[in-house]
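This report refers to the structure that appears directly beneath it.
Chain lettering (A, B, C and D) follows the sequence in which the chains are written, and residue indices restart at 1 in each chain.
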Amino acid sequence: MSSSILARVPWQSPAIDYHAIAPEIVLAGGICLIILVDLFISESRKWITASLAGFVMLGALLPILTLAVSDSDVRTMFDGRYVVDEFALTLKALFLVAGYVVVLLSQNHVEEGDYYQGEYYTLLLTSVTGMVMMASSRDLVSIFVALEFLSIPAYMLAAWRKRDRKSNEAGVKYYLLGVFASAVMLYGMSLLYGVTGSTLLSEIGSRLTVEGQFGGVEALGITFVVIGFAFKVSAVPFHSWAPDTYEGAPIPVTAFLSVASKAAGFVALVTLVYVGFPRAQDVWQPFIWVLAAITMTFGNLLALRQSNIVRLLAYSSISQGGFILMPLAVAGTGDAAGPALQAVVVYLLVYAAMNLGMFAVVITVSRTTRSGEISSLGGLFSYAPALGVLMTIFLASLAGIPPLGGWIAKFGAFRAVLEAGSGWAYAIAVIGAVNSVVAFGYYGNIMREVWMKPAPHGETTTVRTPSSLVAALSITVVGTLLFGILPGTIMRFGDLVDLTGAFGG
Amino acid sequence: MLTTQFLLLGAVLFCIGIYGVLARKNAVMVLMSIELILNSVNLNLLAFSVRNGSVDGNTFALYIIAIAAAEVGVGLAMVLLIYRNRRTIALDELSEMKG
Amino acid sequence: MFAAEAAAEVHASTGWFLEHAWLIPIIPAVAFALIIFFGKRMPMKGSEFGVASMFASLVLAVGAAWQWIQRVDGASSVAHSAVEEGAYHSAPFVGPIIREWTWWQSGGVEFGIGQHIDGLALTLLVVVAFISSLVQVYSLEYLRGDRRYTHFFAALTLFSAGMLGMVLAPNMVQLILGWEIMGLCSFLLIGHWWEEEANSRAALKAFFTVRVGDVGLLVGTGILFFSANSWTQENLGVSGFNISGLSAWAMSGAASQSALTWGAVALFVACIGKSGQFPLHTWLPDAMAGPTPVSSLLHSSTMVVAGVFLVGRLYPVFWEGMKIGDTNINFIVLIGGITIVIAALLAFVQHDIKKVLAYSTVSQLGYMMLGLGAGAWIAAIFHIFTHAFFKACLFLAAGSVSHSGSHHSFDMKKDMGGLAKKMPITATTWIISTLALAGVFPLAGFFSKDEIIDNVGHNGYNAFMIVGLSGAFLTAAYMTRATYLTFFGESRGAAAGEHHDNHGAHAVHDDHGAHAVHDDHGAHAVHDDHGAKGPHESPKLITVPLMILAALAVVAGLANATPFGSNWERFKKYVEPSSEYVMVESASASGPGESIVVPAAEEGAKKEGCATVAPDEGMVCYFPTVSHAKFKWSKAALSLVIVALGLVSSWLFCIQYYTRRDRRLVGLTERNTVLRGGYKVLWNKYYLDALYETVIVRAVAYPISRAAYWLNQNVLDGIVNTVGKVARRVAGWVYRNIDQRVVDGAVNGSGAAARGSGGVLRPVQSGKVNQYGALLFAAAAIGALILVIINT
Amino acid sequence: MDVLRDQNWVLSAGTFLPLVGVLVMLFIPKAEEELSKLVALLTAVATLGVGVYTLTQFDFDQADKLQFFADAEWIKVISSNYTIGLDGMSLPLYFLSMVVTVLVMIYSWNHIPSPGNPKAFLILMLILQTGMAGTFVSQDLILFFVFFEVVLLPMYFMIGVWGGEQRQYASLKFFLYTMFGSALMLVAFIALFFKVRGALPEGVEASFSIPQLVEYGGLLGRSAQIWIFGGMFVGFAVKVPMFPFHTWLPDAHTQAPTQGSVILAAILLKLGTYGFVRIAIPVLPEAAKEWAPWIGLLAVIGIIYGALGCLAQTDMKRLIAFSSVAHMGFVMLGISTLTPMGFNAAIFGMVAHGLITGMLFFIAGSVKERYHTLEIARLSGMLKQIPKLGWILGFCAMASLGLPGLAGFWGEFPAILSAYSPAVGLPEETFRTFMVIAALGTVFAAAYLLWLFQRTAFGEPKPEFAGGDHGHGAHGDDGHGDDLHDVNIFEWIAWTPFLIAIVVFGVYPQLMFKVIDPAVQVALRAFGG
C-alpha cells in the first residue's frame, strides 16, 4: 500500500538556485579541502588549516554579500522548504563572522595544546555549515537535519581534550542530554506532522488552529518542539548541561557554543514560532513567558555565586538567553510581532559581539594567569590597562550600560515587550528590569577585581597578546561600540516582512 | 484502521525509552533507550504518513534513521573515551563539575 | 523716575540727600570690601576705612534728615497746620521717598531693592550712623594691639552696612537681607576672641537663637506676600513685599484677618529673637562675651532694636493683626511686659557689669515693645532714639572702666569700686546716663519712657502701666547698685591696683597680645602696663565719645518734650506718619525698572483718620490713627516719685551693705523662711545683703527672681542649649538604627538574599547526567501537561 | 515648537570635545604624567571655551526657546533622533558642568589621589564631562537616557579605584542604586512613548523628542500618567537623591576622592532634579499634580532628616554629604510646588548647591590633605594654623546655611515662599505645613554648619597638630615642613571662581533668574504657570 503512495507521486527534479546556496557550497568545499590538506602537511605546519578555515568562513561571506545586494530579495527552493531571505542572510552572516572569530580564538589555543588541528577546524566548519543551513530551513525535516548537523560536531568539540576528564564529561553530558532533547523534539515533530499532514512550516502554520480550536496533540507537539530548542538555547530548566559543558570544554569551544549554537537555537525557535505556529500563541506564549522569566532570574542568581570566570560566563549567557526569549513571549500579540523579531535578531548580533569579545579577553588573560578563577583577574587594569579597559567594555555591554551595544539590545527587548502592552508584558518587563540590575552584581564584581583589587601574588608580567587574538578583540570591540553608539546600523535588520511566510503568509 | 495501534505502540516505546534514559546508569543502555525513542518517532511518522496519505513521513523517517546512526557512532566513541580515561561507563560517576 | 519727581514736587520738596539716601549703606559696604582686601596693608590696619565710611554715612544721613524736615515743613505750610489736641489728630500726609529698582524677578514676582525714606527710617539711619562712628573711634583705642584688629573693623563696618541697608529697606526681601547680615556680624563679633571656648559658644548661641526667630520672619513674609500681592499689584502696582504696599493693604480692610494675624504673629516671633524678648532673650547676656564696643553698638543701641524697628515699620500689619486698637491685652504687650520685669529682676543678681547692662537692655527693649503693642508708636520709637545714646554711653563707660580701671576685668564685686575719683570723666558720663536710663527729669530717658508708660495707660492697657512703673523702679534700683559697686565704696581687686594674673578676661586679652602681629608689639607693651600703673582715666579716644554721648543723653529728650506743649513735639511731627486717606496714582506712575508710590495729597484728601471711616475708591492710608495721651504732670510726678524711690532705696541699701557691714542684720537672714521672704522683696534690704553671696539662698528669698532665674537658666537657656544636644542624640539614634539598619539594610539585605537563593539553587546543578535528564523531562512533561489541559 | 537652529554645531562640539581629548590621551604613555595632565587640562579649557562661546551666542531674550537646536537621524527604527538644544533651564547647568570640570582639573594638578595614575583618572573625568553636558542638552528621551547612564561607569571607577577605605562597597552601592532607578526609568520612557503614540492626532509621527512629548503628553489618561510618572520618579529620585533613596549618597561622597565628590555634588545630583523639571513634570502634568504632595512630603522629610543626619556625624566630609540631602530637599520642595517661582528657586538652588557644596568638598579634601583626618573632634583652631582655609570654610558654611547676599539664599528662600501657595489643584494646607517645616530646616542648617565651623575652625589647635605653629599661622608662612600650609596656588586658582560666583549670584541673582524664568514659564504652561 505504501508502495502505491510512492507510485502516485510523480518525480521531477527541483530547481536549484546555486547563488542562493553558494555559502553552503563554499563551506562544504572548504571542509573537504581542509581534510585533504590536513592529510598532506607535516605536523609543524598544521596551523595552515586554521588560516584555511578562516579564509573559508570569509569566502562564504562573499556570496552572502552578493545575495544581500542582489535585487531579488527572497529566494525559495524545494517549494518553500529552504528559503534565503533578509532574515536568513543576516543570521548566516552572523554565524560566519562568529565562526571566524572563534577560529581566531582557537588558533593559539589549539596549536599550543597540540590538539588535532585539522579535525578541529573541519568539525568547526561543519557545525557552522549546519547553522548556516538552519537559518534557511523552513521545514521540520530540514530543521532537524540542520540541527543535528550543527550539534554532532559540537558534541565532539566539547570533548576535544581527550585526556582531560572534565572535557570528556562535558562532551558526554552535552551529547546525552542533547540527543535526548532532540529525541523528545522529534516526537513532538511527529505529532505535528500527524495532525497537520505536512512537514512544511508554512503549511503547518496554516493548518494548525483553523480558527483556534485544537486538541491536546497539537499542544503536546508544539511543547515538545519548543522544548527541543529551549534545550539548545539552554533555557532554564533545560539548561543543566550548559554550565558543566562550558566549564569542561576548551574555552574557544565554549565561546562557540555559548554564542553560535545558542544563536542557531534561537533562529530555529524564531522560525518555528513565526512561520510554524503563528496562530498557536496560546500554547507557546505562556510557555516562553515562563521560560524567559525563570531563565533570566535563575541564571542571574546562580551567576552571583560563581568563582570560576568561565562558569560565571556560562550562567551569564543563560540569563542573557532569558532576555532574548523575553520578546518572543509576546511575539504573538498584535503589533508586538515585528519589534519582537527585530529585538531577537538585534540581541543575537550584539550578544555575539560582546560575548565573543568577553571570551577573547578571558582567553588572552588566562594565557598568562593560567587560571580560570575570577580572583586571578585581580589588578589586571594596573598591569594590562588595555585588556582591563576592553574587559570593562564587554562587561558593561553585557550589563546593558549605554552607550555600549548591550543597552540597545536590552532596549529593543523592552520596547518589544512594552509594545504588546498587556499586563503579562509589563510584568515580564519589570522582571527584566530588576534582573538587569541584579546582573550588574556579578559583572560589577569582575570589574571590581580588574580595577580595584591588587594583583594576586604580585602578578604583573605584561600580557602578550597574539595577533589572532588582537584581531578577534578588535572585531568584537568595534562591533560592541558601533552597535551601541549607532544602533541604526543593526536596527534595520530583522524587519518582520523579511521573514517569508510569517503568519502563514 | 490500524494506525491507532501503531501510534499506541509508538507511545509505549517512547515511554520505555524515557524510563531507560532516566533510570539506567550504564551509558550504553542509555544510548539504547534513546534509540528506542527515535524508533517510536519513526513508527509515529510512518503511521501518520499512511493516515495522511503523504510521503513526507517516510522521508522524515529515513532522515532520522540515517542521522541516528551517526549520532550513535559519536555516542559510542565518547563512551569509549570515558572508559579509557576512567575505566567505567557509569554515568553517576561523572560529576567532576557541579554548582 | 522723572515723572515721579514731577508728581513729588506737587506737594512736598525733595532733595539730593533724600533721593540718594540709598548711598548710606553702600558706603560702608564698599569700605568693608576695602578693609577685607587692603586692610592689612594700610597704616592703620584698615580701621581708617571703617571710621571714614561711617562719618560719610553720618553726613549723608544728617543731610537727608535735614531735607526731610524741610519737606515736612513745606507740606504742612501748604496744608492746614491745624492740629487739634487730644483724642486723635491727623497731620498732613507727607509721602515717603520710595525708590525701588528691580533686583530680580522670578515667576512673575518682582523683588526690588532700593530705599524707603521717611521719618522712622531717618531716625534709625541717624542713630545708627552716629553711634557707629563713635564706637569705631572708641575702638581705635580699645582694640589697639588686638590680634584681629582688621577683622574687627571689617565686621563692624559690614554690620553698619547691613543695619543701614535694613533700615531703609523698601521691601521685606531687602529687610531680610540686612537682618541676616547683622546676624552674621553679630556672630563674628561675639566670637571675636574665639580662642576661648566660651566665646565661640556664645557666638553660636546668639546666631542660633536669632535664627530660630527668623523662621517666623520667613514664614511671615511668605504669608503676607501671598495674601497681599494681588491687592497691592492692582491698587498700587507694587509687589506684596513692598512695605508701604503692605501697610496700605493692612489698613485697607480688604485684608483677611487670619492672614494678618498669622503674619503678624510670625513676624513678631522674629522680633522676639532679634530684640531679645522673653523667652528668647537668653542669648543677649551671653553675647557680652564680645568686645565692649560690640556690646555697646550691636547689643544695646542698634542691632537689637531691629525687632522693634520691624514692628514699627510694619505697624499697620501688627495694629490690624493684633487688634491693638481695640483690645487691652495682646501678644506684643504681654511679651514686652514679661520681658521688662524678668530682665530687670535678673539685673540685680549679676556680678558682671556688662551683664547688668545687658539685662537692662533687654528690659528697655521690653519697654519699646510694650509701647508698640499698646499703640504708643511714637513714644516707643522715641525711646529707641534716646535709649541708643545713654545705653551706648553706659557700655562704653563700662568698657572704659575695664580698659583703664579694672585691668580688663568686668567683675564689679572683685575688681571695681571707688573708681569715681580715679576716673572722673568716665564716672560722670556713667552717672548721667544712669540717671537718663532711670528716667530722671529732665534727662532723655524721662521723656521717652514716661511717654510710653503714660500712653500705655491711656490706651487702656492699665495692667501693663503698672508693670511699666514697677519696671521703672527696678531699673533705677539695679542701676544704682551697679553705679555704687563700680564707682563708690572702697576699691577692690584691680581697681585697688593689685595685679592678679589668674584673671580670666585678663588672660584672654594677654593671650591676644601674645599672638598679636609683630608690629603691634610696641603698642601692646604700652597697652599692657595699665595694670602696673593702676587705675587711671582713659585716653581721649575713649573719653570724647563718652562725653558726646553723655551730652546727648541729657538733651536728646527735648526732641520730643511733650510736657512743654505740642510745639516741642518735633519728633512726633516729623517722624510719625500721617493716618489720613490719600489718593494714590495707579501703577502708571512706575517707570521702567522702578515702581514708585507717590500719593497726591492735597486735593480730595480726607480729614478723618484711617480705620475710623471706610475708605473711598482709590484711597489708601499707610498708618493707623493712634491716639496720644495728654501729658499730665500728676502722672509724670507719680512715675518720677517711683524712680526716685528706686534710686534712694537702692542707694541706701548699698551704703548699708558695702560700707558698714552690719553683722546683726545678717543674723536676721538665718531666721527668715521661704514663706516670709516672698513679700519682703522690696523692703527688706538687709535680707538682700546676705543673699547676694550664694545663689540658692537668694533664690529662696526671692521666689520671683528665683523663678525668673530658674526659668532662665534651666528651661529657656536649657532649651536653647539642649535643642542642639537632643537633636544630635535623636539624630544619632535615627542614623544608627534607621538609616544604617533599615533603609540601608534593605539594600544590602536584598543582595544577600539574592546570593542566598543562588545557593539554594545550586544543588540542582548536581553534575549527574540522569538527574539532569530527569529535570529536563519532568519540566517538559509538566509544561506539556499544563498546556494540554488549558488548551483542550 | 519654535526653536532657533542657527549654529547648531555648538552644542555637539561642547559635548564631544572631551572625547577627542580622551582619544589623544589614549596614546600618551602612562609614565608621561605631566603630559596627560596638560592635555586633559587643555581639553577641558577648550571645552569651556566652547561653553563661553555658547554663552556669548545665546540669545537671552529668547531664553524660552530651544537654541542651537540640532536634529539628526539616529535610530530611525525606534524613531529616536539625535536632538539637542539649549534653553534657559539647561544653560546654567550646562555651563556649570564645564566650569566645574576645568576647575577640578586644575585642582587635580597636584592632588591626584592614590593610587596615582593621572592618565586614567583624567580620562574618566573627561568622559564624565561628556555625559553631564550631553544630559543637559539632549532633547530626546533615548539620547537623554544614554547620556544619563554614561556618567555611571566613570564615577563608579573614580570612587572604586581612587576612593577611601570603604570605596568598593560605596561604589557598588552607588552603581546598583542608580542602575535600579534608571532601569525602571527606561521602562517608563518606552511606555510613555507607546502611550503617547496611541494618543497622537492624525498625521503626527511619534518620536521620543521631548518637546513633542511635552506637547502631547497631556493627552494621556490619568492612571497611565501616574504609573509612568512613578517609573520616572524612582529613576530621578534615586539620583537626586530623595529620602528614602538617599543612603547611597553619604557613602559615595565620603569614599569618593575630592574631585569625585565635587563633581558628584556639583553636577551629578542635578541630573535627577533636572530630569524632573525637564521631563517628568512638563510631560505628565496630571500625574505631576497627583505626585506633587508626596514629592513635597519626601522633600521636607529629606530636609529635616538630612539635617539630623548631619548633626549625628563625626566626620566632616560625611557631614557635608548629608547636608546635600537636606539641600536637595529644598530643591525638590520648590519643584513640588509646580509654580514658576518654585521651579526658578529649584534651578537656582541646583546651581547654588553645586557651587557651595562643591566648594565645601574641596575644602574637606584640602583639610584631609593637611591633617590626614576629617574627624571633627580632632580638628580645632584651623583659623589659627591655616586661617585662609578656615575663613573660606566659614564663608562656605554661611553660604550653605542660606545667608542672604550669598548664592544659597536664593535657592532656599523662594522655595520656602513658593510652598505657601502651590499651583492650583494642590492642597494648600499641606504645602503650608511643608513651608513651616522647611523653614525650621533652615534653623537646623544653621545649627550643624555653625557647629561644624565652631568645632573645627575656632578654639586652640589640638596638641597633636600644634607642632611648628607659633602664631605665625596668621601669615600662613610656617616653613616647618609639616603639611599645615595654607591655601596653595592651585587651590586658589581652582577655588576663586567658585567663591566669586557664590558672591555674585548672591548679590545679583537676576543674572540667573532672567535666564531661567522664561524657560520655566514654558515648561509649566500646562499648569497655567
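Just so it is clear, contacts are C-beta pairs under 8 Å (C-beta built on N, C-alpha and C of every residue); 3 or more make two chains touch, one makes a residue touch a chain.
Just so it is clear, the model here is predicted, and its values are computed rather than measured.
Chain centroids computed from C-alpha atoms place D closest to the centre of all protein C-alpha atoms shown.
Looking at B-C alongside C-D, one finds more C-beta pairs in contact between the chains of C-D. Averaging C-alpha coordinates per chain places the centre of chain B 65 Å away from that of chain D.
Centroid to centroid, with C-alpha atoms defining each point, chain B and chain C lie 99 Å apart.
In this assembly, the C-alpha centroid of chain C lies 38 Å from the C-alpha centroid of chain D.
The geometric centre of chain A is 43 Å away from that of chain D, both derived from CA atoms. Multi-chain contact residues, meaning those touching two or more other chains, occur in chain D at positions 176.
Listed for chain C are residues 751, 762, 765, 767, 769, 773, 777, each touching two or more other chains.
Residue positions of chain A touching 2 or more other chains: 172-173, 176, 180, 184, 243-244, 305, 441. A complete list of chain pairs in contact reads A-B, A-C, A-D, B-C, C-D. Those residues of chain A whose C-beta lies close enough to touch chain B in the complex are 1-2, 5-6, 9, 140-141, 144-145, 148, 152, 155-156, 159, 162-163, 165-166, 168-173, 175-176, 179-180, 183-184, 186-187, 189-191, 193-194, 197-199, 243-244, 247-248, 305, 311.
Those residues of chain C that touch chain B in the complex are listed here as 762, 765-770, 773-774, 777.
On the chain D side of its complex with chain A, the touching residues are 30, 73-78, 115, 117, 120, 142, 145-147, 149-150, 152-153, 156-157, 160-161, 167-168, 171-172, 175-176, 179-180, 183-184, 186-187, 190-191, 194. Contact residues on chain A toward chain D in their complex (touch as defined above): 342, 381-382, 385, 392, 396, 399, 401-403, 407-408, 411-412, 414-415, 418-419, 421, 426, 429-430, 433-434, 436-437, 440-441, 444, 447-448, 451-452, 486-488, 491-492.
Against chain A, in their complex, chain C makes its touches with residues 751, 754-755, 757-759, 761-762, 764-765, 767, 769, 771-773, 775-777, 779-780, 783-784, 787-792.
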